[in-house]
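Please go over the structures that come below.
Here subunit A shows up in two complexes: once beside subunit B, once beside subunit C.
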Partner chain A sequence: MKTYILRRLIQSAVVVILVTIGVFLIMRMLPGDPVLLYVGMDDVNAATTPEEIAALRAEFGLDEPLLKQYLDWIKGAVEGDLGYSFLLETDVADEIKNAMPKTLLLGFVAFSISLLIGIPFGIIAAVRRGTWIDSLVTVLANIGITAPIFWVGIMLIHVFGVKLGWLPTQGYTSVFDDSLLGIKKLIMPIICLTVFPLSGIARQTRSAMLEVTKQDYIRTAWSKGLTEFAINMRHAFRNSVIPVITLAGLQIRAIFGGQVLIETVFNIPGMGRLAVEGLQNQDYAIVQGVILLIALLVTLTNLLIDISYGFIDPRIRYS
Partner chain B sequence: MDKAIPLENKTEFDESVPRVSSLKRFRRVLLSRKLVVFGLIIIVTSIIAAVFSPLLAPYDPYAFSLKDKFLSPSLSHPLGTDALGRDVLSRLIYGTRTSLIVGIGVVGIASLVGMSLGLVAAYFGGKVYTMIMRFIDTLMTLPMLMLALAIASLLGGGLRNVVVALSIAMIPAYARMMCGQALSVKENDYVRAAEAEGASNIRIMAQHIAPNCFPPLIVMMTMQLGHAILSEAALSFLGIGVAPPAAAWGAMVNDGYKYLHTTPYLSFFPGIAIMLLVFAFNMVGDGLRDALDPRLRGTL
Partner chain C sequence: MSVLMEVKNLKTYFNTEAGLVKAVDGVSYHINENETIGIVGESGCGKSVTQLSTIQLIATPPGRIVEGGVFFEGRDILKLEKNGQEMRSIRGGKISVIFQEPMTSLNPVMTIGRQLTEAIELHLKMTKEDAKKRAIELLDLVGIPSAKQRLSDFPHQFSGGMRQRVMIALGLSCNPRIIIADEPTTALDVTTQAQLLKLMQDVVREFKASLVIVTHNLGVVARYVERIYVMYAGRIIESGSCKDIFAHPRHPYTMGLLRAVPRLNEPKGKKLVPIVGLPPNLLNMPDTCAFLPRCPYAVEKCRQIPWPELRTLENGVHQTACHLDF
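Moving on to the complex of A and B:
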């Protein structure tokens, strides 16, 4: 077990290093010169001479060899300094510090709701297989995994924001500043982020449960005269939880991906929108920072999930 | 004489088990569910719409006339017109092309590259396995959409670059699935036999391992068609994708979003189109899984 965790830690570290190299190279290959963009933005600097541009380049370390730039970036990142954004004229670390709590809050709530609703509905559908409730859950889940979430967001805005006027449609307010408004602004984005993972988890729970209920030990449990609840929960569900956790792990990544869209639709200044705007403006310091952090978060959750298998199912041995 | 008897028996045996039965069963299971049939109908309709767009579209999807902008759905424009007076139905029909080209292109490239990587990793094992799978893990660290977004920004917009970006982002799923399959298939005796015969590595991989890994991968490819279409829509919604005048459903949703207050149906219809097509591929994928795997028949 210890050697397994150690090996997975090393693997994860290798993957994170590979990601940083990949991201760094992609950002350097992007079309457009950030210094020229920076200069072009400002009217005062409009008549910048080539010498001044070279000076700026040197100031931001862009004239150094790639390897040195990369190592400087990593060294800074370890110390909490992710560089400077030309376009936003702030430190990337500050920008991410502002954006991250919003993204994490949305993602965490959406993920929790997906599990809390998806798993019970999957179980019910499997237990009541072939009844109206099974059909309902299956059809809704099948629609849920096909709906483009940005479109769901726009339709929600149309109905609950524009037509009914119940919910604010744009922006983010901290629940600590104005609890009611803050929560109201979170409702629609969270619904959108929940649709896909909730449906996926319900589907997976249902099919995993149906697999298990065919097993001999379930028949044994019935013939022992156990209650239906005990059979379903203690015997069937506990044995179908592994594929559900595997999928849940993948859904964490999908939620981060969905936030790129949802933060754009609802105008929430989180990591997803930071990444989109950074890419559109060739602001590679920002994009590098955001991607580095998301890669770290995803790698960490994957690691935790892999390790959790052994605790959840003692039959799993790590080799 | 001794040899003739088993031969005769063999013929009899073959006759008692009709060889068409597996295909028949496949067809029966596949078509037994109404939703699968519905999915197949949608897919065939979309293919027809994509191939014959110029014949089916009532108007030129690019011709704008500002005096006809924001027309409500009517007999002459069944789904209305957009901000530039272009006919929405015609643009939807042309948009089918974008979606299907992206879907088929992405699944084609991603499955070919991904499956090859997975196969090579599983077959050779050791260092090759570690290198390939670490590369795959790296690709899997980022949300697919974010990875595709970064690659598409690097390559620039346009249909071809979107296909490349999404293909790269989708390689990991195929590589992992193929690797898992191939790891178990390569332990079979017929692979050992081929090795003993001195067959080349490529021959063993292509002729003996790969074909036996296919059934779950075919299901996955069908599902991924829908996934690729959904992701293309997301990219074009974010403004990275097919160049503006060309019709893409995701971009149409985004165009409509600007005029949500006055003409909500501009966003509504393309979204429904995306959903229908993705739903169709998912249903057919589900149906294929049931039809290809008797153990799982009817479970999902």
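Moving on to the complex of A and C:
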């Protein structure tokens, strides 16, 4: 087990490094010049001379060979220094420190709701297969999977923000500063982020349960005279968990991806919006920093999920 | 000997996409106290469905018990609510099932101990500790070495034969009156089969329970059961004592089954005689005898009369559903 975790950690590190190299190269392959963009932001742009541009390029270290730039950056990253953003004119690490809690909060709440609602509804649909509740769950889940996240967002804003005026459509307020407003502002973004993973988890739970309830050991459980509830939870659900957890792991990535859109649409200063701003302005350090952290989070959750299999199913052993 | 359970005119039908399947179509039989009976027939003849129907273990839909009664301890237990408290206390408590397929009949993510104790706690109202002690005793009884340590093992750490021993322990765990063993030895090798059948016979005697062995293997029933019911296409077509059936089979189907069994006392090189043809499609059963298309003794009368009811023969016990005398 220990060697397994160690090996997986090393593998994860390799993946993360490859991701950073990929992002590093892609950012530099994009057309456009960040220094010119930076200079263009000043009012005095017309007066900037080529010498000044070259000086700026040297100041940001962009005149160095690519390999050295990358090594410098990764060396800094290991020490917690993610570079300097010429867009925001601050340290990227500080910027991420501000943005990360918002993103994690949104993601964590959306993920938890997806599990807490998706799993019970999947179980109910499977147990009451063929009834109206099964049809309802299945239809809603199919809609949830196919509805594009931005469409859900627009619809919510249109109905609850514009028509009914119940919820604010923009911005983020810490729930510690103003609980009610903070929660109100979170509702729509979280619904948007929840729809897809919740639907997927409900569907996966339903199909896994249906598969398991056909198994011989469920018939054995029935023959013991157990209650239907005990059979479904103790016997059937525990055997259905693995595909659900696997999908839940994939949904974590879907949620991070969705946040890029949602934070932009709802104007929430999180990592997703930071990444978009960085990308639009070719701010290398921001994009690299955000992607590095997301890559870390995703590989670590994947590792946790793989380890959890061993606790759920005793037949799975790691070597 | 008093009758412990009596099944009367049981009918279990399945609604399938292709149509109505009459899996069990008017089956009656009984089990006496301290008795071992055999239910014999080909795959798909309805023998397992009959047994599962008696404790209402048929999945509805698609299955449905349309008619009949199962009289046990003075009442018709088919009248009880399917998953109600009373039916559940009988299921597993008074009547238990040992299933075929030991490899898949135990929950893979639950320890052996827990799978035993959950039934014991439920039916015998024992505390966790007492249930655990009983589970150890049971595993000891069915011949699992170092039972105490193995309680925390999972099914995949047991071999097929060991798992079937666990299933037997499970079947015995709550002092049932009737144990239904549904093809208990199908997936096991011959040596293990013999050991386990012997074990079942011993423990059933010790516990003063009755045993129903459901099998397609005539060799299994010959040695262990007192009476035999032969099923074909959802009905019982012959019944009698073990001796009646083996020495003087009175239904062409039973005769065919026996001819298909290899015997050690026969000369070398003698060919086994299979029953030609296939079992009938239960979707569109003829009104005439279901065995007619395969019957080597069929006469014109067979084609004209409906499927004969069981009739009792001279000795008063032996019954056959054939109008011919052999």
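To be clear about the criterion, the second predicted complex is superposed on the first by the 316 of 319 C-alpha atoms of A that agree within 3 Å, B and C clash if a C-alpha of one lies under 4 Å from a C-alpha of the other, contacts with A are read in each partner's own complex, and residues count from 1 in each chain.
Note that in this section contacts are C-beta pairs under 8 Å (C-beta built on N, C-alpha and C of every residue); 3 or more make two chains touch, one makes a residue touch a chain.
Since this is a predicted model, take the numbers as computed values, not measurements.
Shared-chain residue A:I26: touches subunit B; no touch with subunit C. In the superposition on chain A, no contact is made by A:I191 with either subunit B or subunit C.
By the document's definition of touching, neither partner reaches A:A93: not subunit B, not subunit C. Applying the stated contact rule after C-alpha superposition, one finds that A:F256 touches subunit B and leaves subunit C untouched.
Between subunit B and subunit C, B contacts the larger number of subunit A residues. Contacts of A:G225 after superposition: subunit C is touched, whereas subunit B is not reached. In the superposition on chain A, no contact is made by A:A285 with either subunit B or subunit C. In the superposition on chain A, A:L56 makes contact with neither subunit B nor subunit C. Using the contact criterion defined above for the overlaid structures, shared-chain residue A:A125 touches neither subunit B nor subunit C, since it reaches no partner.
On subunit A, the positions that touch subunit C within their shared complex are 130, 215-217, 219-228, 230, 234-235, 238-239, 312-315. Subunit A contributes residues 11, 14-16, 18-19, 22-23, 26, 29-31, 138, 142-143, 145-148, 150-151, 154-155, 157-158, 162, 203, 206-207, 210-211, 253-254, 256-258, 260-261, 264-265, 275-276, 279-280, 287, 291, 294-295, 298-299 to its touches with subunit B in the complex. Remark: subunit B residues 35, 134-135, 137-138, 140-146, 149-151, 153-154, 156, 226, 230, 233-234, 237-240, 250, 253-254, 256-257, 260-261, 264, 267-268, 270-271, 274-275, 278-279, 282-283, 299-300 touch subunit A in the complex.
Remark: subunit C residues 55, 57, 61, 83, 87-93, 96-97, 99, 101, 104-110, 118-119, 122-123, 154, 156, 167, 170 touch subunit A in the complex.
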